[in-house]
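There are two complexes below, and they share chain A, which is joined by chain B in the first and by chain C in the second.
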Partner chain A sequence: MSFWEYVGNRHQQLLTDAYQHASAVFQCMVLATLIGVLLGVVTYRSDWAGNLATTATSTILTVPSLAMIGLLIPVVGLGVPPTVIALTLYGLLPIVRNSIVGLRGVDPSLVDAAKGIGMSRVMRLARVELPLAWPPILTGIRVSTQMLMGIAAIAAYASGPGLGNEIFRGLASLGSKNALNQVLSGTLGIIVLALLFDAAYVLLGRLTIPRGIRV
Partner chain B sequence: MSESHGAAIELENLTKRYPGSASPAVDNVNMEIKAGEIVIFVGPSGCGKSTTLKMINRLIEPSGGRIRIGGEDVTDIDPVKLRRKVGYAIQASGLFPHMTVAQNIALVPKMIGWPKGRIKDRVEEMLDLVGLDPGEFHHRYPRQLSGGQQQRVGVARALAADPPVLLMDEPFGAVDPITRDHLQDELIRLQHELHKTIVFVTHDFDEAIKLGDRIAVLRERSHIAQFDTPEAILTNPADDFVSGFVGAGAALKRLNLTRVRDVEITDYPTVSVDDPLQAIFNRIRSSGTNEILLLDKRGRPYKWLRRGDLMRAKGSLARAGTLVTDTVTRDATLRDALEAVLTDNTGRVAVTGRRGAYIGVVDMETLMNSVHELLEADRLEALEAQHELEEARAAQTHAEQEGPGGEAKA
Partner chain C sequence: MSTRERDDRLDDGADDRLDDRLDQEGEPPAPPAAPPRRRIGWQKLTLVPAFLVVMLLATWLWFAQAELDPLSENALADGQVSKALWQHIQLTVISTFFVLIIAIPLGILLTRPAFRKATPVAMTFANMGQATPAIGLLALLVIWLGIGRRAALIGIIAYAILPVLSNTIAGLKANDPSLLEAARGIGMSPLGVLNRVELPLAVPLILAGVRTALVLNVGTATLATFGGGGGLGVLITTGITNQRMPVLVLGSVLTVALALLVDWLASLAEVLLRPRGLEVGQ
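Up next is the complex of A and B:
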């Protein structure tokens, strides 16, 4: 069976896997973005707290993904929970780091001006600092998403959802006639998804970055 | 819409001490700023002038002393509320790059809850006020404006909610000299309309002279070396520090403070190009001066005619005499007038009124006499002011020596 015949026969299964893969990554990105930006907002004004947040999240990233999921299984069980926890944790670093860099990069004279015309702390953050820091934060989110696309494949190891299942099935039956097709379709599927997401981010950037600071 | 006029500002024993430094950054400043006047804080960098300014809207919290605006003690009120009532303009405009010009200007009115329609009208009005066409600039982003335009929008934003007080922290420090000159003129014009109380920080003494109703020359720790009118500071600096800051050429700078309308404009024999040649000859002969002024058809100064010029040009008015190169209006400063007199080899300059029509002339002698009179008058005034300052200082020294046993110090 050629690769295309395989894809034709299994498209139902592949689409479901792809959908679940995308949905898992998307949901984990929403979580990681909320937590990551929050961490950035809380820590960027202090040197040591900001560094601590960056170091902590980058330490998480050095744990091999297979080990991370393996370690999570005894704690939270199989399936969706270890996948979500692992992906969210991995997604944090680029977002936290870029949030801190972005917020610290806002021109201090603008913050001074915002204060001077009577903006409260929350208003300054919401109306001035976060909008100005948004482009680097969005870049962080983009990098995170690309990374999670790949890592999400490992989730299949903990019987999680997604295209990883194809890959693992193929790897488990190496030598059988469909093994290569399975690995290939899973991998290519992930690449296509990653490209689609990236295109979506470009669009999101167009829509959300104010015209006055777009480069 | 009626604008609210300025409110008086009183600083009482205002002090800023930063933790870990032995001497205060701002030490015991006492100052009364009258409603509707422009007061300039001028001094070397690091003298605490900016810190003092930022304590007025409590961007920097004072460690001691009181601030009163319009009689109300604002030292302990919510700083966010205070700042919405005090306009604030800074160097390089401080406009938010992600908002349009209109959004920037609308910020404070929005925060204090003006209705939408009123905000919209106000934005147009403010753009108009600072000399920018609302239709053209409304939707632009700050980066699409020149430095001078950004600064204008910065001032418009500061004034949008019609605050009685405007604080300006070296607002024109980052623009080129020509633009700065324009912006200063604009500010003077604005102030004629608005009568706000403006506190303006600069390190440029010439800017201080040009803009200030009164100038506070500050030395280290914001000690007031002299607080007086520009005239008084120029003619009678309180001490070596102030005269060092005034710099050389105080008499020349003084010329900037007086307008041509304030000095005597003298009549001068004139003829018109429409007069018959014979009448012109007669006029030159009977005038008793070396030259007369030839006016064009609309009564504007056209040429200086010397005796004999007409003869040499064989009676042709088109070829005779020298063209008038420079004229001044009644609003020109004496410095402009002097400049014109010096460059024109006749030793006088024609003064023009509406549509460039001739009014009279100002010559070297008039200029010298009026400058002498001005300097003399300033000197007397300054002596009086210095007397008062010394008395005030003596009182303060006295209070300080009394120590904590006397008046409680912050």
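Up next is the complex of A and C:
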């Protein structure tokens, strides 16, 4: 069976896997973005707190993903929970780091001006600082998503959802005729998803980066 | 100096120019003695090892009282744990060595004038490669080359080359052009400029590349087990498939400890090996 025949025969299964892969990554990215930006907002004004947040999240990233999943399984069991926790934790570093860098990079005179026209702390953050820090944060989100695409594939080993299942099915049936097709469809599927997400982020940037600071 | 001259030439407003000059001449001439950065604080020296000792000790204590059934005992007996650990270290060291001798010269080559046109192509390729899942790459290599250590090693190397390569290129490109111009101006050959100016300036970056490669490779080496390449991943996968938590936890804890240790050693090397001249203003 050629690769395209395989894809044609199994498109239902592949689409389901692809959809689950994308939705797992997307949901974990939303979680990671919320937590990451929050961590950035809480810590960026103090030197040591910001460094602590960056160090903590980069330590998480140092942990190999299979080991992280292995440590989560005894606690939360197999399947979706370890996948979601691991993906969210891994997604944090680029977002936390870029939010801190972005928020620290905002021109203090602009914040001062906002204060001068009577904006409250929350208003300043929501209307001035975060919009100005958004481009680096978005870059962080892009980097995270690319990384999570690959990690989600490994999470399939712990019965997680997604295209990784296709790859592991191929590895389990090494030597059979379909092994190559399975691995190839899983791998290419993930690459395609990653590129689609990346394109979506470029579009999102166009739509959400304030016109005044667009390069 | 050259920047100020350029500024002066570009500025057309006389007042601006005057302000600029006042600003620049009013400033003290570069802070003389910035505190030396070479000193490694005691926190940096002790925090990670202390954490690792506590973690390993806790695991050991837990193991001492854990009751192992035959299946778990089988998986851990006969020095299989130390064998897996040793294989993992070997995989990491060998792959890192190859990553560095491939990626760094390639990065230098791609930033030479003759090949500069190829740089964007290589960078696009590198970015595309980043989207490739490590496990997929490894599985394809296993199908292509057969099960065994060779496929695993090639997979690990291929996966780490791109990040190190793009790091090297970015770093060499970030060198201040006026320094290179100055070096050429005093009559250095292109090779001299590379050896005596560009590479020393890029040392921190190359060290960062070494660190990236090491950490990535410790992680990817856990996947070697799927291609029959051994390593600590064997314990993790055995633990998952047989549902034996002691095996799973031991494998995971050892992997985490190894990854953190390697990262810590590499971060020490980064501080110790940095050229002295680059410490000021860091």
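Methods note: the second predicted complex is superposed on the first by the 215 of 215 C-alpha atoms of A that agree within 3 Å, B and C clash if a C-alpha of one lies under 4 Å from a C-alpha of the other, contacts with A are read in each partner's own complex, and residues count from 1 in each chain.
Throughout what follows, a residue touches a chain if its C-beta (ideal position, glycine included) is under 8 Å from a C-beta of that chain, and two chains touch if they have at least 3 such contacts.
Keep in mind that this is a model prediction, so the values were computed, not measured.
*Asks:* Between chain B (first) and chain C (second), which does A:Thr62 come into contact with in this model arrangement: first, second, both, or neither?
*Replies:* Only chain C; A:Thr62 stays clear of chain B.
*Asks:* Counting only touches as set out at the top, which of chain B and chain C does A:Leu174 meet: first, second, both, neither?
*Replies:* In the superposition, A:Leu174 contacts chain C only.
*Asks:* Please determine whether it is chain B or chain C that touches the greater number of chain A residues.
*Replies:* On the superposition, C touches more of the residues of chain A.
*Asks:* Thinking of the overlay built on chain A, is A:Arg211 touched by chain B (first), by chain C (second), by both, or by neither?
*Replies:* The first partner, chain B, only.
*Asks:* Taking the superposition as given, does A:Ile154 touch the first partner, chain B, the second, chain C, both, or neither?
*Replies:* Only chain C; A:Ile154 stays clear of chain B.
*Asks:* With both complexes overlaid on chain A, does A:Gly77 touch chain B (first), chain C (second), both or neither?
*Replies:* After superposition on chain A, A:Gly77 lies in contact with neither partner.
*Asks:* Touch test for A:Ile191: chain B only (first), chain C only (second), both, or neither?
*Replies:* It touches chain C, and chain B stays clear.
*Asks:* In the complex, go through chain A and note every residue touching chain B.
*Replies:* Per the stated touch rule, the residues are 109-110, 112-120, 123, 127-128, 131-132, 210-213.
*Asks:* Which of the residues in chain C come into contact with chain A in the complex?
*Replies:* Result: residues 128, 130-137, 139-140, 142-143, 147, 215, 218-223, 226, 232-233, 236-237, 239-240, 245, 248-249, 251-253, 255-256, 259-260, 263 of chain C touch chain A.
*Asks:* Considering only the defined contacts, which chain A positions touch chain C in the complex?
*Replies:* Listed in rising order, the residues of chain A that touch chain C are 59, 62-68, 70-71, 73-74, 78, 146, 149-150, 153-154, 157-158, 164, 167-168, 170-171, 174, 179-180, 183-184, 186-187, 190-191, 194-195, 198.
*Asks:* Would you tell me which residues of chain B are touching chain A in their complex?
*Replies:* So the residues of chain B touching chain A come out as 57, 59, 80-85, 88, 90-92, 94-100, 107-108, 111, 141-143, 157-158, 167.
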